[in-house]
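Shared between the two complexes below is chain A, which has chain B as its partner in the first and chain C in the second.
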Partner chain A sequence: MKTDNRAFIVRILLTITISLVIGAFFILLIGESPIEAYIALVKGAFGSKLRIGTTLAGFTPLLLTSVAFAVAAKAGAFNVGVEGAVFLGALVAAYIGINWTFLPKPILLIACFLGAILTGAIWSLIPALLKVYYNVNEVTVTILANSVALYITSYFVSGPMSAGGTVSQSHPVTVTLPKIMFPSNANAGLFIALAITICLHFYLKKSKYGIKLSFTGTNSLNAEYAGMNPKKVIIYSMMISGALGGIAGCIEVLGVHGVFLNNFAVGLGTNGMLASLIVKNNLVAVPFMAFFLATLNAGAMGIQQNTNVPKSIVDTIIAIFILIATMDGIIAYVKNRRLKKTNKTEVTR
Partner chain B sequence: MSDYIIEMHNITKEFGDIVAISDGQFNLIEGEIHSLIGENGAGKSTLMKLLFGMYEPTSGDIIYKGEKLTHHTPKESIELGIGMVHQEFMLIDDLTVWENVILGSEPTKGFSIDASKAKKEIQAYIDKYKLDVDLSKKINQISVGEAQRVEIIKVLSKGADIIILDEPTAVLTPQEVDSLFVILQHLKDDGKTIVFISHKMNEVLSISDRITVMRQAKYVDTIENKNVTPTMLSQMMIGREVFLDNKKTKPKENFTEIGLKVENVWVPGDKVISKLKGVSLEVYKGEILGVAGIDGNGQLELEEAIAGLRKIEKGSVYISKNETTNKTPIEIRKKGLTYIPSNRNTRGLNRQMSIETNLVSTILDEERFSKSGLINFKAIKENALKLLEDFDIRPRNPELLTSAQSGGNAQKVVVAREISHASEVLIASQPTRGVDIGAIESIRSFVQSASENGVAVLLISADINEILSLSDRIIVMFEGEIVANLKSSEANEENLGVYMMGGKLGGFAELGEELHNEDR
Partner chain C sequence: MNWQNIFNASLLYATWRSATPIIYAALCASITQQANILNIGTEGIMLMGAFTAVSTSYLTGSWILGVLAAMVAGMLMAFIMAIGNLEFSADITAIGMGINLFAIAFTKFLLNSVLGKSGTFSDPAIDPIPRVSLPFLEGNELMNRLFNNWALTEWFVIVLIIILTYVLYKTVWGLRVRSVGQHEVAVTSVGINAKLIQYQVLLISGVVGGLAGAHLSLGYSNLFTENMTNQRGFMGVAAMFFGRAHPVQTVIGCLVFGLADSIGARLQAYGWPSQIVLMMPYIVTIIVLAISMMNKKHRENKVKSALA
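Right after this comes the complex of A and B.
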């Protein structure tokens, strides 16, 4: 297993290098210096306290959505619907944070989180039930459900919950998470996200439910035979996944924006899914991948501001990176080819 | 150039830490039937997969007609005229026989497949070797024996002169084995060279010219068939004599308490409306009831219905005195069911998990393994170490993935888990399928000892010898019904074989009639 992990890390690092090299080629094509661009990228992500904070602020919700995707994936469910849970969780958290002022602040904060958790879990329960009992593909349902969630929240912040300005957003919430790197948006939610990730990792490793989850995800027929009730396991994993999305939404509202901002989470679900898929849903590696993607996203702004390289170059690099990281088949093919070649040369000798 | 068309010298093959072959030797003379015999895990299949190019040897030489093969692939082997029929068929159920045969090398006419040419070519092989397959049937409409013949046609049609058959008889009835041997003889007469992998001594002795024996990853010897006796062969295979025919001398008859009762059970099938049509049976505590039958006659549905894995449409199941009809698998287990499923790879084991985890998968709820939701890893390891020892499971490494084990040892993991806590009822379905002789012997004795401890054992097996040697009573299933119910003393290989064929299939029908008449 240890050597497996090492090979895995080497592969990821190699993938990063290759995609940066290909990215450099594109930067050269538009007549800019790749070295300068990459320096700008690093500076953009880590160049000052503000920039580090911004990177961390982007990392926080991404970490949660990546882990959310990974948990469901480990049980064999492909939950594309984390983003919907983020939106709805955020909406409920905002509603509670704005209106339940009769509660003392610390309890109100907890109420916001609980509301978001419940909302996310129940939202993801729908595709889970459909999958388990009616054999409806969860990918289809969750993709569609994402739009539904987005439009529900748009309706509320443009209508009943609107603050009335030109921007579609709610009134400010009365309770917030403390900022940690002023003036950036980084906030105490970062610690919440990290703590949840670590706890979840150990929970899945050490608990009965965690073992059942692995059994279900790797061979549900065997899990059923052993009496583990794979249906229940999948339902729970989807609910945990949705709950994590809800928490991400709550942190965005209470920690970053202070209001519910229309469309604020577009892309969070998909990026989380990418981070998780690239590392094959490995919970130890997921945070690093989420951090890497957050860095690229934050650094992209630096590139755009300080060089003539457009931000879309970074998107290109991310795309190349994903392509290469998911190229298992090609790597195997290349290996075979190499074997064959050595074979041929030996024959001719 | 030597007399051999294939020579394999000093072969070793390692998979990570596991040594699959530590000293492999093999050679082939053109036109012979050469058996490769040994227990499962002895390395026979691996050795042949090395020859076929599916794996690469860690060290050693493979020589084909005097020329050394390095890094050869299965495709290149096929080009050299080496073909392999694998243990698990590689056929596509929804395509017809001829479509399966041409798959990958379709003869074309313009943009379309030249079906008539393909059919004609295939029919030529069928006629030449008397393979008896209907070209236009779909794979899911033909029997296992026919499917195997399709595999043989596939290999022939790619121009193979050396044909490797990996445990071809494991899935066949005695009658089908006989007709396979006739085909092999035809192939030999035509000058083909055949490698026949098996762990069944009588088969090997009846078909081979020469026999190579392997034991525990090592080459033992290659001998002429005419110079060998069964006793010698079994000693070479496992280093001592075995007694597989542990047929009960005195069948116990004073059973009183019912362990398992199945009453008029109907179960819908995947493709047909009813796969089980009103099956009733009773197994007493301490008794072994053998269920004989060719695969696919409702045995799978029966075992899964009892275990709660399949919906029972009508009828009821009782374990001891508790009704368990359509209860969940875990509820049924808690009433006292233990169950060795017929499909160990998908049902019985999670091959991506370790041996120790698999050994507790069905009993995770027990307090010693999990307290308030948390797993006690120490207890799991202790449990595994004990069972590895008690059931002689190899290698003795509880953390190893079960996918790294040989078939026999993987099956022992299932057997150990189920038998170690068998209480009321044990379903043992195909418990020794694809398992080596040494393991067969011990698995059978474990099943036997479970019944001696008062467990009601339902033994489902397509292996007639297994049924005959273990059962107190025998029923035969055919097309979802119980067609015969015999005391073990009345049953023998012939009458069971006929009942298993339903007394219907051409050729055997007359034989069946005769036997029936004799019985009367």
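Right after this comes the complex of A and C.
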């Protein structure tokens, strides 16, 4: 088990290194210095208190969306629709936060979160039901549903819920999460996200549902023979996944923006998916990868401002990560070849 | 609201026009599905094709080179998927999504660094796919409006549908592809190299996907925008499910999406909020996909009960 863990870590580090090298190659191709670009990236993410705060603020929702993807993936569902849950959860949280002022503040805060959780869970229930009962491919449904969610929120925030300015956004919410690193956007949501991640980890490790989940994900037929209902497990996991997305949306509205800002969550879902996929949905490793991606995303601005390299290079590097990381077989392939080589030399000897 | 302004003859061409990029994408997905490979990367292949087509056409001044380059680019993207999936046991959905994200990021990167633009690239130097003018139709106003001045690729897609249907259902190779899709082990046991077929299928699908992108950027429009495929690739995949990977049947699904798109465009003129209009093709796609899969399940259940 220990050697397994070490191999896992080595593999991730190797993937990261290869991707950074390929990224450096692209930067060289456009005639810029990769070393300068990477230094600008690190400075962009950690150069000052403001920048560290910005990185943490970006990390908060990403942590939740990547855990959200991982939970669904563990049950064997590829939930690309977390982003839709983030948008709709945020919209409902904003609605409650603006209009339910008759509630006392602490209860209002909880109501916002509950609203977001419910919305996210119900939104993800649709593709889950379609998948388990009618075998409808969940990737296709959820990715199209993301566009639907985006347009729904965009409609509300530029129509019925609009604050009326030139920017499409809602009125400010009446309850907010405290900021922790002024003047950056880092807020108390970070602790909520971390707490949820830790609780979920232990819940999945100790509870009956967690065991069912790992059974279903590895071999759903086997799980069925053992008397579990894989359908229920998938539906449940997708709902948890959506709920986590909703929480991320709620934190963004209450903690960062204070309003519902049109298009605010574009890319949150896909980045979460990336973070989770790179580490094979391993819940212990997911937070670290989410942090790493948040660093890269925050550092991208630094690259763009201080060098002539466009910040899209960072997305490209992340995409290369994922391409390499999905290829499980590479390590085994290299090992086999080495084995063959040593065998050959032994024979010839 | 004047219904005649929405449902008139020109709606037919509008539908066909918005459906063609999706049809190409659906064909791209259908080819691999016949060999039981779900091509989630259709979207990325298409986007890469769209960018390559525009930039090549801009740099060389030739749409033919643009289209050819797009096909090569599409094939390369599919080749990455093939290597990953067939050699290194990458999960096809994961690597497909990886290809999609890579295409979005990399085309953006190239757009910024090579063409020096951000967001959209359009230039009079981009040579578009020519439009086919049929002089003999000019006498008849209706026929002229419906069939004249189609982009060449809008006609070609019909040829492609016929070719693919023929190849998949009437040739030995097509039979092998479909048998790989049904039972890989059985196929291997009679001495056919299933892996080779899967490679071929993925590469051909890449070529078609590249063509889809070229049509989108040089035929359907004449520019490149970041993420311009806008999930048409996924609509193609949905249409493929709808038509159970049969080229002709998938087209029907595409036409439904094209119809939703073009009706939406007309409703916008009547003060419908743009978001609702833009949402329509996506909702229609999801609903059509769900209904067709429910139907399939229902049919399967019937067959099962007949056997028992």
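Heads up, the rule we're going with is that the second predicted complex is superposed on the first by the 328 of 349 C-alpha atoms of A that agree within 3 Å, B and C clash if a C-alpha of one lies under 4 Å from a C-alpha of the other, contacts with A are read in each partner's own complex, and residues count from 1 in each chain.
Convention: contacts are C-beta pairs under 8 Å (C-beta built on N, C-alpha and C of every residue); 3 or more make two chains touch, one makes a residue touch a chain.
Worth saying up front: this structure is predicted, and the values here are computed from it rather than measured.
In the superposition on chain A, A:A145 makes contact with chain C only, while chain B stays out of contact range. Contacts of A:V42 after superposition: neither chain B nor chain C is touched. Within the superposed three-chain model, A:N229 lies in touch with chain B and out of touch with chain C [touch as defined at top].
Contact with neither chain B nor chain C is seen for A:I22 once the two complexes are overlaid on the shared chain. Set side by side, chain B and chain C differ in how many residues of chain A they touch, and the one touching more is C.
In the superposition on chain A, contact is made by A:K212 with chain B only, not with chain C. Within the complex formed with chain A, the chain B residues making contact are 56, 70-73, 307, 309, 328-330, 333, 339, 341, 346-353, 357, 361-362, 364-365, 370, 373-375, 377. Contacts from chain C toward chain A in the complex involve residues 38, 40, 80, 83-84, 87-91, 93-95, 97-99, 101-102, 104-106, 108-109, 111-114, 118, 231, 234-235, 237-238, 241, 273, 275-276, 278-279, 282-283, 285-286, 289-290, 293-294, 296-297.
Those residues of chain A that touch chain C in the shared complex are 26, 30, 78, 80, 130, 133-137, 139-141, 143-145, 147-148, 151-152, 154-155, 158-159, 270, 273-274, 277, 309-310, 312-313, 315-316, 318-320, 322-323, 326-330, 333. Within the complex formed with chain B, the residues of chain A that make contact are 206-212, 214-215, 218-219, 221-229, 336, 339-340, 342-343, 346-347.
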